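What follows is a pair of complexes built around chain A, which joins chain B in one and chain C in the other.
Let's look at the complex of A and B:
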């Protein structure tokens, strides 16, 4: 009973947060709704006694994604007159909801029948230690592949963000000589 | 859950709430008196309730009453989102408070064969909880800075955010090298590891085993708490008051108190990870329990000496200048406090005497737990004093210096430290 009511409250927050995320006009209120939704999701993981997913959810989604999103909002300085005027927003939301409903029903049916195809959870499920052990023994290859992918993405971002003169050799020397001359 | 388990959980939760919340007025008072000491003045020391000044702590309570009764003022230009302005300080405050709740105040206490954690939230992933919840605090600063619609607030919030991002990495990486050393993410296991000795005579404190990572951890925690010398987010000399320029009354007070709770949390994490937590050096819980009589007799000798020194200090200092005729109830306060202290000492002595004469395992383990809690509180106060001393003796860094320190020095050093730690650990295990 207690679990069910906690689940209901958390799901309510998740739904309200997700709705607010798309319907608020101001980006900062959308970010707040996103924060609520992410915290509610973390709460749902905690309700499943999965401490790893709970902590990872808070650390990654809240501590990194929401914080960086807010950083972007603040840097762009999205004041009221810069926000686009959307008079028919709620009609669009309503129509797209109608369009997505069959797909949502399909996903719902699949999720409902999902538990029959998996065995019962084992002892120590969701704990950090068992999670780490499995990640570094059975799943070590995908894990490392993902980390290489992230590393390459990071290098790519740095290369794009960096000024060109540092990695074009001839230009670098030109600039360097110019600086020497200026001195 | 058995009855003792429920009682221990309730007591440790109450203890955590008291240590975090009741520490705020004490820390505010300590900060103002400490600033006074450093700047060669007195600081607040006159407010009293019927002659009781308690050195001036009453001033903090008067401040709280003033802030609660103040008008809730919202600037006119804030048309939408007043609820967010109300909520922003609460996010910062609550996240600092929750992060404090995984600190162990004493070793696991064994009652009726059941090992119970003396930790407000009895979880075994303490350091991860601290990192996860501690990173939420800056979101409140972001909301507060944005909703103020003010250039200075916006600048303060973006400074706080970019500083947080810059220092979260060295913090996480230095924590990682401690996790490698202690082979655990549980705060209590970390403290138990630190209660052993190195080479037979040095206490194996984190600061001695990992001096580089320890220094980086302390510096990053200073930056996380937004305190001087890293207080660029509220730099009064440049951007008025940063993110809380437009905040008044209790909304401001929540930000203000959140800073002290965060400082308290940072001190607790520093002593738990670096300075042996609730343990005294060279003394483990087992030593205390097996040699309980020696421990009790030592405590019974040391306690009166400390209390006598405190009372003598109080009698010497709690008085008015000779030129002032009215005493303002100070002699009465000294008398009452002395009697209270002597009575409490006598009660403690009586209990200890009873426990030594009629030994009982439950009584001695409870006594040891209480002693460890007392040690923890004393260490916590020492590190809060350290925070205050640093704030009032070092000038504020310039914003670019802060970023430079984080990205160019602390991040590479902490990465290097992880490699060295991993090599040493693999070498030892071979």
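Let's look at the complex of A and C:
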């Protein structure tokens, strides 16, 4: 009974947050709605007895992703003239809801045909120790692949977001020569 | 608490993310919708892990959280680069790769 009421509150926050995210005009309100949705999702992970994923979700999705997004939004998207003019927004949302509904029904029918039900958890399920044992025995290759992926994402983000003029060769040599002249 | 509740919630989140991608033009909302779809998949993985009583699904969910972080960094860098070239956040203006030479 308690679990059901917690689930109801968390799912209410999750759905309201995600609906607010796609319907607000100002980007900053969308980002805050997304923050609420991610916190509720972390609560759902805790309800499914995955305590480590609860912490990882709060640290990464809330602490890193949303805060980084908010930083970019504050620097670019909070000015009125930058936000695109969308007069028919709710009309398009209605049309795309009609388009997406059959797909959602298909996914739900496929999932519900499992006839699954929750059982009592085993000893040590969801704890950090069993997670670490599993991660460093069977899943060690995907783990290393993810580390390489994160490194390449970091390099890629720096290369994409840089300003061209600081990295051109001739400019570099010009600056270098000037510095030497100044000496 | 039954698994069907989580299945409904996950399907709903995925659909809302898809609707956001299709119907909005603000590039930030598109980005947050992609994140929402990935999170819906994450919720489904954790539900399956709880049903299966093994940690495999949780480990995939943990790796998926790392991939979400990588995607966020790349996408925000792309937004900054596109804003620099077009001075706008409208995703319709970022369609120049689809234009043939001579158009526009």
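In the analysis below, the second predicted complex is superposed on the first by the 152 of 183 C-alpha atoms of A that agree within 3 Å, B and C clash if a C-alpha of one lies under 4 Å from a C-alpha of the other, contacts with A are read in each partner's own complex, and residues count from 1 in each chain.
Just so it is clear, a residue touches a chain if its C-beta (ideal position, glycine included) is under 8 Å from a C-beta of that chain, and two chains touch if they have at least 3 such contacts.
Keep in mind that what you see is a predicted model, and the values were worked out from it rather than measured.
Residue contacts after overlaying the shared chain place A:65 against chain C, while chain B stays out of touching range. In the superposed model, A:86 lies in contact with chain C only, and not with chain B. After overlaying the two complexes on the shared chain, residue contacts for A:73 are found with chain B and with chain C alike. Chain A is touched at more residues by one of its partners, and among chain B and chain C that partner is C. Of the two partner chains placed around the shared chain by superposition, neither chain B nor chain C is touched by A:141.
Of the two partner chains, chain C is the only one that A:150 touches; chain B does not reach it. On chain A, the surface patch touched by chain B in one complex and by chain C in the other comprises residues 64, 68, 73, 77. If you check the complex, the residues on chain A that touch chain B are 26, 28-29, 32, 35, 51, 55, 58-59, 62-64, 66-68, 70-71, 73-75, 77, 79, 128. The part of chain C that touches chain A in the complex is made up of residues 1-20, 22-26, 28-29, 31-33, 35-36, 39, 42-44, 46-47, 49-51, 53-56, 58-63, 65-74, 76-81, 83-84, 87-92. By the touch criterion given at the top, residues 3-4, 7, 11, 14-15, 18-19, 21-22, 27, 30-31, 34, 37-38, 41, 44-45, 47-50, 52-53, 56-57, 60-61, 64-65, 68-69, 72-73, 76-77, 82-84, 86, 89, 92-93, 95-97, 99-101, 103-104, 107-108, 111-112, 114, 116-119, 121-122, 125-126, 130-131, 134-135, 138-139, 142-143, 146, 149-150, 153-154, 156-158, 160-161, 163 of chain A touch chain C in their complex. Listed in rising order, the residues of chain B touching chain A in the complex are 80-81, 84, 123, 125, 128-129, 131-133, 135-136, 138-139, 142-143, 145-147, 149, 154, 157-158, 161-162, 164-165, 168, 185.
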